[in-house]
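Have a look at the structure below, then the notes.
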Amino acid sequence: MADDAQNYSMFNSQALVDVVGDTTDAALEASSIKKFISVLAGRFFNWGQRKSLFPLHLGIKCCALEMAAAGGGRFDAERFGVFFRSSPRQCDVLIVNGPVSKKFADPIVRLWEQMPEPKWCIAMGECAISGGPYYQSYNILEGVDTLIPVDVYVPGCPPRPEALIDGFAHLRKKIMKMGVKSSSKNVGDAPIIIGDD
Amino acid sequence: MVFSLGIKTRGEYAEEAAQQVIDAAIVRWQGTGLEAEVRNHKSGMARPYVYIKCPRNHWRAVAKWLRFEMGADHCSMITGIHWPDGPDDCKWEVVAHLMRMNVINPPERGGWTKQVIRDPKILQDDDVPMEFEVSISIPDTRNPSVQSVQEVWMGADWNEKETWDLVGIDFEGHENMRRVLQPHDTPVGFHPLQRQHKIRYHDFEVMYDDAQGFGRKAIDEGKTK
Amino acid sequence: MGDWFTVRTWASDFSQMVADNTIGKTSFSGYSDTLAAVITETIMAVNVFAIIMGTILVLLWIERKFFARIMDRRGATMAIRSLWVGEGGEHVDWYDELPFGAGKPIRWLNGLLNNTFGSSSKYETVDRVNDRGYHGIWFLLPGLIQNVADGMKFMTKEWMVPAKADKFIFEVAPFLIITSTVMIFAFIPLSSEIYSANPELSLLFLMAIFGIAPLGVFFAGWSSNNKYTLLGGIRSAAQLTAYEIPLLVTVLSVAVLSGSLNIIEIVEFQISSGSWNLFLLPLGAALFLITMVAEVERIPFDMPEAEAELVEGWWTEYGGMRWGLMFASEYLRSYAACLLFALFFLGGWEMPFGDSITNIIPNQDLILGSVGIGLIGLAIGMRSEYPALLAPIPLVFMSILPPVAWLLFKSWVLFALFVWIRASFHRIRTDQILEFGWRWLLPLSLVNLGIAFWLRLSAWEGGEWPLFVPGLITAIALVVFVILGIDEDTSELEGRTRPYSVYTGEVGPASPRSHEK
Amino acid sequence: MGPQHPMTHGLWTLKVKVDGETVVDTIPDLGYIHRGVEKICESRDFTKITTYCDRLCYASANTWSHSYIYAAEDLLEVEVPERAEYIRVIAVELQRIASHLMWLGAFCPDIGNLTAFVWCLREREMMLDLLQELGGSRMHYNFPRIGGVKRDLPIGFAMRARAKIKLFLDRIQETEQLLDESTVFLVRTQGVGYAKPEEMVNWGVTGPNVRAGGVNYDVRWAHPYSVYDQLDWDVSVERPSIKGADSYDRYRVRVDEMRQSALMCLDALNKIPGGAETHYSEGDPMIISKAKERAEEGKTGFHHFEDSRGESMFYMVGGGDQRGKHPYRISIRSPMFLTIPYASKCMIGYKVADIPAIMGSFDPCIGETDR
């Protein structure tokens, strides 16, 4: 819109805004206030992100019950800010807890794309990781990572609720290390596999 | 109080009932090639059940007879088997498991219904719960089919859908036959439980890692479990 | 003793001084009072907003923790220490990226806090999962800032508008809801000295504004172009008609009893007449509670956002900060409801038994002295075997609490009651709440209005209530409540004659064809 | 509605045509987690199939593996020692309690109460602990073997089981009070989703859903397959209104069934031959008998089993690959596969808000439905 306006308008407010913004940016860069602010605010937002992870209330198969048990009385995942929501628009984490069949491939991709950024995916259970016991089946995909990127793998058939909560903890570590040139070992984009450390 | 229906029906009562079914079947279906016999479960309590080998073109009539005269009011399962290297008259087989439950709507009394607690002492011939196994064999053909019993038991509806979906045996007169378990866009003619379809990696002894080449192996390297 | 926390007086004095010293000395001195008024109102508005926004965290904390405790869980346990404790014992040296070594003090502070309040266990998460670990020191209020983290996260979320949505209304609806919700607090006096606006008819303003948000809900549900949201919006509109009229009639009864449409005067009437409206209109209190629970759309009246049938109800399609703000506005509305209940029926900011305590401590100048005495008594009583010395301490501290603290405390207790209701009830159907509203709430509210008229016109002759009036009414209310409770239980047991033991000994017909014969 | 929807306990789609808020027509659409277990089992040993049967239904794994085991024993003609039967009964009934608790926990959030959900999960944890002592895992135990059970009762299991079952009996009464004393729960569940017993049986619905209709048909009674006829228990039957069984009846019958199962476990612990405190080592003839590996060509075995959701059944044909080590064909009868169409027909004419109240009361489990 603004680019079209530049062609025929003598005085272009967009251009003025650009100029002013550039100069301000340059000034802020020169005096590294901008970096200061960005680091501080970035860390605060990072804290907020990693401390409140809302998983999607999606139950596929066996691991769904362990997910429910993780929300239940004994393993109370809400202690760590894990709070189940039903609408993908309001969720950060997609827990794939079961085999992904050919019929469910499209819906799960749609769910994943309905979730707003930033978002993460946890593959819970053998079925979601590699097809599990059904790797020979004619109707099951071999792992959900053939469809959507997975951040944390929680193996087990089904994994215990502690394992799921530990997976969330590893996911928090990964989020904490985002955008920081850290001296400690940087996981980066490599998926995390619970139980490998 | 101990109130066990099973003890009473396990023994001679069940034998009698099964034998009565056999006799009735022989009287009713003589000349049609229907064979009926009493078989026993081989494990646990050797309970008798009625095994009926039904000719293919009489299946619906036999089903109606079982339903309305023998009181087999519950269609437990209808499934199909593919025998590619079986005898010529039995390349396909449809097996139906029926049960006589004697379930009736409980009678009303004063706005509420009475519980139907059956007293085992009065359980006689056709009140005894009974299992039926009916097997229909289909000769060698490209598109096997038997008569549908959809209107006899509503429970047979989805069973037949599933049998067609997985095994590929068609049911004549079955309304809105469709895929129930497999995706709706499954190619026509693909019925996975036919013997010519092999499962994935059927000739691999071990499942090799990283089937689709998504680099899972490279990440798992050096990890010890 | 009076209200010593006279914020508004301080603000007006301050602003008057500012105005006099700035333009009062110029030729525009005629406008100095206007300027002072403007400054005062601004200060008060910011003040009220700050108080509400600061204390909403407590509300959310009650929601999470009390609810979880009822459900035999722990609820959110994230404490402030999570700001400096890393994840599972790992840290990120982000402060090294700050320019010119500005991170050094932060690093030092972080290390200090870690050594003090942190836990260096590598398996901290496992410990906490097994309930062995560190849940936060009590003064760090575990779980309190969980909602701060949620808000931070909502800010960073992506904002996506559905492709087929009506974009303009979809964008307008949240702001309609939020602005109307925040505007409610402009007319809620937190004490006789802390309010941002006090028109003569503040009650009418308030009720009018309360009715705006359901409109926004309907907009949101309609514009999302989603089946669930549409159903949710329509449900909220249908439900509105059921509870709004009884609510207004109940509020009218309160106004009639107090003889004013100004909230401050209503509270002053309760204080001066010596009895809270709760003891005069118990029926009205019950109706107000029910209708307010319906107004703020909480269980059992939360059909618009019924999780089970409509995925998330009318806000299914909303994500990111807009959803977060609407989520907050829900709780702000609950907060407003609790505050209004406290103002209308619980004597507002009056301290319970304020008069008697005032008699104990007649002179305000004695307060500081009595606090000193109380501290000395505390020091002695803690050590000595005469804990009787501790008796006056709570009275003294209660007497020096500012009235606003009393109002907030009452509203928090009421919100705990809301949470209790939510934890122990199910969700009822739309047709059922319509029937309930029209068949029960409306007639009862009219009866309540009649009671209020009778009390005001014939039972009250100026000054204080004769003691037997509230006493008698409260006794009647208690008796009726007990009778209703007993009746309800027995009738339910009569209606549900379903035997736990299955054997009834009756021999039914056994043959499948016996019912045909 | 669905596939991802809080109402669907599992993963399936219910296409609902509504007029305002009244349901006009419904079409269930299954198969989202169809895994082809029957095909996979054709290339597995008889002992390996048990793990797949565990994973058939995620809410009640033990009942399904036992259902398979009885069918396999029918095929392989195995006699099971009585102590093993008692241990199986204990395991199955504990699993039944856990499954019904999971159902109750999933049913209450459907109509808006989250407290009962967490309470039921808390009590389910106790049952899972007991099953974990038996099977060694939390959900999928792989407990029964052909001809017996994997492991004998652990030492001290009887004491712990008695204590926990008594505690459970107290706590389920607590939960019952929370639900039965709440008028809102009654108005939500009573009078919705009427179902007639004859109609249900004709559609193929079995189990608690039929017993809620006032008919005491139970496979454990009609065709006693284990030591159920030696135990002291009653079939829980409801007393529905004239129109049939509503959601409240289905809720009540399941709660009563939990009680009956608990009493059954206590009774089995008393009556178990050899004593509940004695512990036999693995492979002891007291708990497992020798079974052959191969089934001859043409042999068939099937068994009706009372699952926690109805009558489950395995039909097996011997003589498959590897000279009979694998079954030639294994066919699974899932109760929910036939219940879900009927339940979706049941809710026609009710409000949208009643869909969870009705569908949840039928206790759908998609893992066994799609298999």
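Order as written gives the chain letters A, B, C and D; numbering starts at 1 within each chain.
The criterion applied here is as follows: a residue touches a chain if its C-beta (ideal position, glycine included) is under 8 Å from a C-beta of that chain, and two chains touch if they have at least 3 such contacts.
This structure is a prediction, so every number in the text was calculated from the model and none was measured.
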Comparing C-D with A-C, the one with more C-beta contacts is A-C
Of all chains shown, the one whose Cα mean is least distant from the combined Cα mean is D
Between chain D and chain C, distance of the C-alpha-averaged centres to the nearest whole Å: 44
Quick one: report the Å distance separating chain A from chain C, using the average Cα coordinate of each chain. 33
If you average the CA atoms of chain A and of chain B, how many Å lie between those two points? 47
Centroid of chain B to centroid of chain D, CA atoms only: how many Å? 20
Check each residue of chain D and list the ones that touch at least two other chains. 5-6, 31, 34, 36, 39-40, 43, 118-119, 122, 216, 234, 237-239
When you check chain A against every other chain, which residues touch at least two of them? 72-73, 86, 101, 103, 136-139
Using the touch definition from the top, which residues of chain B touch two or more other chains? 1, 3, 73, 102-106, 112, 114-118, 182-183, 192, 197, 199, 202
Within their complex, state which residues of chain B touch chain A. 182-183, 192, 197, 199-202, 207, 211-212, 214, 216, 219-220, 223, 225
Can you tell me which positions in chain D touch chain C when the two form their complex? 5-7, 21, 108-115, 118-119, 122, 178, 180-188, 216, 234-239, 249, 252, 256, 259-260, 351-356, 360
Any idea which chain C residues touch chain A in the complex? 64, 68, 71-78, 82-83, 86-88, 90-95, 97-100, 102, 125-126, 128-130, 135, 146, 148-153, 155-160, 307, 311-312, 315-320, 323
In the complex, the residues of chain D that touch chain B are 30-31, 34, 36, 38-40, 43, 70, 73-80, 85, 196-198, 200-206, 210, 213-217, 220-226, 228-229, 232, 234, 237-242, 244, 300-304, 311, 313, 315, 317, 328-329, 331, 333, 337-338, 341-342, 370-371
For the complex, give me every residue of chain A touching chain B. 101-103, 130, 135-139, 142-143, 145-146, 190-191, 193, 195-196
